[in-house]
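Both complexes shown next keep chain A, but they swap its partner, so chain B is in the first and chain C is in the second.
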Partner chain A sequence: MRKIFAIVHYEYKMQFMCLAAWGILLAATVLSQLDNFPSAGNLARLEFLKEPAYYVYRIMSLDSLILLFGLLFLLAGRLPLDAKTGMKPLLLSSALRKGQYVWGKLLGGFLYVFSMLCIFLLLNTGIYFIAAPFAISLSACVVPLVKAVFVSVIPVSLFVSFCSIALPGMMDIRLFYLLAAVFFGFNASYVGSADAMPFYLLTSGDLVRLIWVHPRWPFVSMGSVAANGLFLVGSGLASAGLLFLKHRFWRAE
Partner chain B sequence: MMKRMAGRTAERTAEQTAGKIAVRMAGEIKICGINFFLVSAAFTAALILFAAIAGELLDFYPVSFEVLFPFYAAIAAGEWGKTRADSNFDIIAAQSKSLFQWVLLRFATVFGIVSLFAVFGMAASSAMRYELPLAELLVMYFPPAFFLSSLCALSGILCRQEHAAAAVCGLVWLITLLTRSLLRHPGFAFIYLFIRFAGDPNQIWLWNKGIVTAAGLFLWVLLYRKCRRF
Partner chain C sequence: MNIEIRHLTKKYRNGVTALDDISFRVGNGVFGLLGHNGAGKTTLMKALVTVLTPSAGTVRLCGFDTVKQGDEVRARVGYLPQELAMYPSLSVFDFVNYMAQLKGVRDKRAVQEVLEEVEMLEFSKRRIGQLSGGMKRRVGIAQALLGNPPILVVDEPTAGLDPEERVRLRGLLSRYAGEGRTVLLSTHIVEDVYQLCEELAVLRKGRLFYAGTSAALLEQVKGRVKILRLEQESQLIELQRKAVVLATTYESRGLTARIMDESDLYPQAEPAEATLEDAYVYCMGGKAHA
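Up next, the complex of A and B:
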């Protein structure tokens, strides 16, 4: 267990100090503020922007996609990089086991994506709370934020981190980028509707409807919510499982 | 007599230069490796299959050749045609006669091969579902592909970190997809990368393609200036 924690700590530290990730966070925040800042123009354009729950819902379902896509690119190199820099032979020569190495990498990546997403939501909601030209209670902002963390941030972080760390360990990284781009592009261009959303959406699936529900589309299908959650968690765990099944990835034990 | 000799010398020089470029391009293809061809072929095959099974409701050509293939061209230019992230970059920068020529040749090789795959994909898709002429598909594909790949090449020379160039292009690509609603502002349609995908509300797509190509060329001016500073 101590070895897993050591790898988690190292991964988290290395990723957290990466300047590119902070640049992506900054760019995503600027773009989300351009779209959602509670200015007179945006308040006139977006009907429900006065509701903090809608604001958190919108940030999570639309703008977090940019941050997640950027983090995916940065995380995708974690396993190939160890092989390229010669770290892997060093690790293989130590008493480290495959499970310890893989779980350390995956959990480090998960905690990192989770932290960045939480910082992104906190930062945006903080700006909204300070800049809104109308009175908002603190609890009106905190409640949807906590909901978003438990309902959406955890499964989305798990999906993005596990898939982007595990899959490039098994396939060509450019092919992974291409598949990820198709998936994210589909998510970005999918338009919301009153019906149940497809279960295979990342941030705009029915899970986010638990944060805020459109007054004209009050229907929330719990089956679709569960399917969306299962897809995100299941795909993440399945990617990790594939890495365990690949025998050539580690020495024979 | 003197004129003839001068003409022959010029011909020989041109042949030698062309030969050198061909040899260097062959070297670049070797550096790219087999995965480049396998992934490109798999992607093209997937698009052709998609063309066969996709229904008429889907706007297939803009999705495939204006949005997806240009992004693949950018990934290829950033990942297989990497420059500063190349482990031999310092040696090449110190010893090569012109760093810009090296960057341009590497870019041209990768971009050219991906574009050949794209043209093959267009021809095969058109054979199955003739909706647009090939020339129009080429005009639809080339400007966004050139712009995104050039952006990748520029990011590649600016950032030493591996995959950073692809990440920059990926973000630009996704942000462009997410900002489709900005087409409500007059003038934005002229610079929007995926104008046919967005439905071309003002019927100005040819102007748009020209501006995007010019923006791509401008990126090469920046790249040239950056290369001269090394």
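Up next, the complex of A and C:
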């Protein structure tokens, strides 16, 4: 376990120091504020912007996609980078097992995406709380944030980190980038409806309806929520599983 | 013997035979592994440190088989790969500490000790991305020294370094080997082997061309190296057909060729003192231009 913790610790540290990721977070925050800042114009345009739960629902389902897309691209290089920098043969020559290496990388990536997404939500909600021209209680902001962390941030972080770290270990990274771009493009262009949403949506699936639901269509399909959650968690775990099954990824043990 | 290689063969899936029936043994001290780029040195080193599995043959380090007793081998070997860029965003201390944790070395004093050994302790807070090539190589050596392994395998550690850094690294390796350990040094720089190694092996296109002492290798060319003065380049072309040209030097009045005159075909040539480089170039059957 010590070796897994060491990899998690240093993976997290290296990624946290990555300036590009902070640039993406800043850009996503600026875009999010242009869209959702509680200004008179936005309040007139968005009927429910006075509700903190709606605000959290909106930035999670729409604006966080930009941040996640950027993080996915940055994380995709983690395994190929070790091969490129000569770290892979060095690690293979140490008493490190495949499981320790892969789990360390995956968990380090998961904690990183989870942290960045939490910072993004906190930062945006903090701006909303301070700038709102109407009275809001702190609990009215905290409750949807906690809900968002449990129902959306955790499964989404797992999906993004596990897929983006594990899949480029098995396929050409350019193909992975292409598939990721198509997936995110579809997610960004998908317009929600009052019906059950497709299970394969990343941040705008039925899981986020557990944060806020439209008062005129107070409809939450628990089957669809479960399918969305299963897809996100299952795809992440399946990607990791495939990497474990690939024998040539590590030395013969 | 600390390293014992018997009939080692490595064939890749694409059909390329990188190593073909290699056998030699290595004792204490610095042992040189010479060969051109692509001769199979890196493949051999990877097989020694358990990164690659041999297609045939066996490799034993400190008596342990690299395939059947990989964990025992890995606990006894320090490795510096040929191109190690490491993690540029980490500090020197963080990187070596990271490697220490992966190798099961828990005492942070051990990290400081190896950094002191390679004279990098004062730069321990500097980011790896900000280091010079020589400093990076020293950090690479530092991580290889963690746990005080009895065998150190270093792949082209002096390539691309300035003379001062090369001398420093050679001193470091020599000092480490002097304490009753084995250093296997792979290089294509003959000068490094000449300065450091009593014994060496020469690889050529995946096959072992020579294994033994530097003195015995030198003996093979002793008295046969000569310097021949030529007036025109056309004479050099003619010469290359009849003798092994070790080196040529272009001068203001013609050129001089350093040749291996095995059958005393050129009595007018001046005898020259044979060097390890002559012996190596002769082994490789090639010529070098200056």
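The rule we apply is simple: the second predicted complex is superposed on the first by the 253 of 253 C-alpha atoms of A that agree within 3 Å, B and C clash if a C-alpha of one lies under 4 Å from a C-alpha of the other, contacts with A are read in each partner's own complex, and residues count from 1 in each chain.
Everything that follows uses one rule, which is that a residue touches a chain if its C-beta (ideal position, glycine included) is under 8 Å from a C-beta of that chain, and two chains touch if they have at least 3 such contacts.
All values derive from a computational prediction rather than experimental measurement.
With both structures placed on the common chain, the touch criterion links A:192 to neither chain B nor chain C.
Of the two partner chains placed by the overlay, only chain B lies in contact with A:76; chain C stays clear of it. When the shared chain is aligned, chain B comes close enough to touch A:181, but chain C does not. Applying the stated contact rule after C-alpha superposition, one finds that A:65 touches chain B and leaves chain C untouched. In the superposed model, A:87 makes contact with chain C only, not with chain B. According to the touch criterion, chain A has no shared surface contacted by chain B in one complex and chain C in the other. Residues of chain B that touch chain A in their complex: 35, 38-39, 42-43, 67-68, 71-72, 75-76, 79-80, 161-164, 166-167, 170-171, 173-175, 177-178, 180. Chain C makes touch with chain A in their complex at residues 46, 49-53, 67, 70-71, 74-75, 77, 79, 81-87, 89-90, 94, 98-99, 101-104, 106, 143. Across the complex, chain B is touched by residues 20, 24, 27, 31, 62, 65-66, 69-70, 73-74, 76-77, 81, 172-175, 177-178, 181-182, 184-185, 188-189 of chain A. Chain contact summary for the complex, chain A toward chain C: residues 2-3, 6-7, 10, 13-14, 17-18, 84-87, 89-96, 251-253.
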